[in-house]
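The following pair of complexes shares a single chain, chain A, combined with chain B in the former and chain C in the latter.
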Partner chain A sequence: MDLFLLILLVFMIIGSVIAIETKNLLSSVISVGVVGFSLSIMFLMLGAPDIAITQMVVEILILVILIRATITTDNTAIERHADTFSVISSLIFFGLFLIFAFLAVHELRPFGEPLMRVSKTYLATSAEKTGATNVVTGILLDFRAYDTIGEATVLFTSVVGAFVILRRRGRKHKRESDTEKVGILEDADIKKDFKGF
Partner chain B sequence: MVLYFLSLVLFVMGLYCLVAKKNIVKKIIGITIIEYSINLFLILIGYRRGGVAPILMKDMSVAELVERGVDPLPQALVLTSIVIGLGVLALMVGVCLRLYEKYKTFDMSEINRLRG
Partner chain C sequence: MHDIEKEIRESKSGMTMIVKTIVRFAMGIIILFGAYIVLYGHLTPGGGFAGGVILACGYIILTLAFGKDIALRKLSDQGASIMDNSGALAFIVIGLLGYTGGYFFLNFIDHGKRFELFSGGIIPLCNIAIALKVTASLFAIFIALAIFGKFISGLVEEEE
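And now, the complex of A and B:
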C-alpha cells in the first residue's frame, strides 16, 4: 500500500518535471494531465472516493481550458532562456525551503495515525444528526454549510470575472456611442476653444 | 514521512515553475501543480492506516465507522478547494488569452507596457 503510493507520487513528480521543463506548451499541458489523473488514483487509494471523482471531472475541465489557451496561438514555444541569476537564486531558496520542510515533517504525526478529535464526533453523529450516510456530504452541506456558501460565492465571482474579461461585444459599442451621442470634445477642439478665450 | 516530504517536493517544483519561468502558461501550470500538492498533503494527513472511506454502509455499525473510517474533515475542505481551483484557473486563462490578443506573445518580459 505504502509502496504503491510512493510509486504513484514519484510518477507524479516525474510528470511535473516534464511539464515544467519541456519546450512545447501542448505536451506540457498533457503532462499536467498525467499528474492530475495519478492524483485522482491516489485519492482513491487514500479512502476518498468523492474527491477522486471530483478530481477526475475537474482535471478533464482543466485540460480543456488549458488546451484552449495553447492551441489557438501560433508561437507557443519561447526560445529565450530565463536569466541564470533568477534560476540559481530560486533554486538556492527552494533548497533551503526543502531542508526546513524536512525538519518540520518530523514534528507532524506519523503517516497513518491522524489525530481525529473533531472528526470522531462527525463520524459518530453524522448519520443521526444530518441523516447523511456519507459523512463528507454531511460535513459539506450541514455541519459546515457556511463554508459551502463561501465556495459558491468565490466560484460565482471568478466565473463573472472570466466572462467580463473575455467578452468582446460591450466595449466597442460603448466607445462609439460615447463619441457620437454624448459628444465629448476632442483634444483639438478643446485647444481651439481655449485659444478663442 | 517520505510521502509528506515528496508532496512538499512537488510543491517546491510548482513554486519554481511559477517564479523562474517566463511563459505565462507555464506559470499557470505551476499554480496548478501547487494546488495538486497541497490537496494531496491534506488528504495524506487525514489518512488512517487500514482505513475505509467515511461512508456508512449497510452492514456496518456507527461504532465500527468511528473505529475505522479515515478523517472526513480534510476531505470536505479539499473538495471545496478543488472546485475553487477550477474557477481561478478559468479566470487566469481568461486574462492570459486577453494578454495574448493585445501583445501577440506569452513572454512575460515582452509584456512590459502595462499602463492600460
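And now, the complex of A and C:
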C-alpha cells in the first residue's frame, strides 16, 4: 500500500516536471492531467471517495477547458533566459524551503495518525445530529455550512469575473460627456460652431 | 421537436457524425449519473459540488459535439446566469430559514429515518441548490472561455 503510494507520488512528480519543462502546450496540459488523476487514485486508496470523485470530475473539466483554451489561443513557446541572478535566487529560495520543510516535518504527527480533537466529535455525533449517513456531507452542509457558503461565493465571483472580462463586446453607452472628451462633433454641432464666424 | 432533430442532423457545426451519435446516447446517462450523485449526496459519496460538475460536463460535451448554437439553445448564457443566481439565493434562503429555530443554517426540518432518501433535513435541499449553482457557473465559465474568448484572441473574426 505504502509502496504503491510512493510509486504514484514519484509518477506525479515526474508528470509535473514534464508539465513545466515541455515546450508544447498541449502535452503540458496532458501532464497536468496525469498529476490530477494520480492524486484522485491516491485519495481513493486513502479512503476518501468523496474527494476522489470531486478531484476526478474537476480534473476532467479542467482538462477540457485548458485544451479548448490552449488550442484557440496562440501557441507561444516561452523562451528561456539562463540568467545567473534567477538561478542563484531560485537556489537560495529552494535551500530556505528545504530548511523550513525539514523543521516542519519534524513537528508533524506520523502518517496516518492525525490529531483529531474536533473531528472526533463530528465523527461520533454526525449521524444522529444531522441525519445524513454520509459524514462528509453532514460536516460540509451542517456543521461547516459557513465554509460552503464561502466556496459558493468564490465560484460566483469567478463567474462574474469571467463574464466581465471575456464578454463578447463592451457595452457602449453614448454619452454627451464622451463626445465632448474625445472631441467628436456631430454635423449639427459643427454647423452651430461655424455660425459664429 | 422535429425541426430541432432535423436541424441537428443537417448542421455542419461541431464534430463528426460518430461523435454526435455517441454523445446523444451518453448524454442521458451522464445527466442521470449527475442527478444521482446530487440526490444521494447525503447517503453515499458525492454531493452537490461533484454532481454539479458532472452535470456541467454533460453540457460541455454537448457544446463540443454539436457546436455552440445547439448547446446555447439548451442552456443559454442568460439561462445559466439565472440558474446560477437562483441556486445561490436558494442556498442562502435555506440558511436564513434556520433563524425560525434559532441560528443560521439550523437543520430545522425533521431528520427522518437514517439511510432513507428523504432524510437529513436541509442537507438534500442544500445539495440541490449547490448543484444548480455549480452546474450553471462552470458551464458559464466554459462559455466565457471557449466561445467569448475566441473573439478576443482574434483568430476568429467577429460574426455579427
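Please note the rule applied: the second predicted complex is superposed on the first by the 160 of 197 C-alpha atoms of A that agree within 3 Å, B and C clash if a C-alpha of one lies under 4 Å from a C-alpha of the other, contacts with A are read in each partner's own complex, and residues count from 1 in each chain.
The criterion applied here is as follows: contacts are C-beta pairs under 8 Å (C-beta built on N, C-alpha and C of every residue); 3 or more make two chains touch, one makes a residue touch a chain.
For clarity, every value in this text was computed on a predicted model and none was experimentally measured.
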{"item": "Which superposed partner A:D50 touches (first chain B, second chain C, both, neither)", "value": "both"}
{"item": "Of chain C and chain B, partner touching more chain A residues", "value": "B"}
{"item": "Touched partner set for A:V118, first chain B, second chain C, both or neither", "value": "first"}
{"item": "Partner chain(s) touched by A:A145 [first = chain B, second = chain C, both, neither]", "value": "second"}
{"item": "First, second, both or neither for A:I99, with chain B first and chain C second", "value": "neither"}
{"item": "Which superposed partner A:G36 touches (first chain B, second chain C, both, neither)", "value": "first"}
{"item": "Which superposed partner A:G131 touches (first chain B, second chain C, both, neither)", "value": "second"}
{"item": "Partner chain in contact with A:I7 - chain B first, chain C second, else both or neither", "value": "neither"}
{"item": "Touched partner set for A:V159, first chain B, second chain C, both or neither", "value": "both"}
{"item": "Partner chain(s) touched by A:I60 [first = chain B, second = chain C, both, neither]", "value": "second"}
{"item": "Common interface positions of chain A, toward chain B and toward chain C", "value": "49-50, 54, 58, 61, 65, 68-69, 73, 127, 133-134, 136, 140, 148, 151, 155, 158-159, 162, 165-166"}
{"item": "Partner chain A, residues of chain B touching it in the complex", "value": "1-10, 12-17, 19-23, 25-26, 28-30, 32-33, 36, 39-40, 43-49, 51-57, 62-63, 65-66, 69-73, 75-80, 82-91, 93-98, 100, 105-107, 109"}
{"item": "Residue numbers on chain A that touch chain C, as the complex places them", "value": "49-50, 52-54, 57-58, 60-61, 64-65, 68-69, 72-74, 127, 129-134, 136-138, 140-142, 145-146, 148-149, 151-152, 155-156, 158-159, 162-163, 165-169"}
{"item": "Footprint of chain A on chain C - complex, ascending", "value": "37, 41-50, 53-54, 56-57, 60, 64, 77, 81, 84, 88, 91-92, 95, 104-105, 107, 111-112, 114-115, 119-123, 126-127, 130, 133-134, 137-138, 140-142, 144-146, 148-153, 155-156, 158"}
{"item": "Contacting residues of chain A [partner chain B, same complex]", "value": "2, 5-6, 9-10, 12-13, 16-17, 19-20, 25, 28-29, 32, 35-36, 39, 42-43, 46-51, 54-55, 58, 61-62, 65-66, 68-70, 73, 75-76, 78, 80, 82, 86-87, 90-91, 94, 97-98, 101-102, 105-106, 108-114, 116, 118-120, 122-124, 126-128, 133-136, 139-140, 144, 147-148, 151, 154-155, 157-159, 161-162, 165-166"}
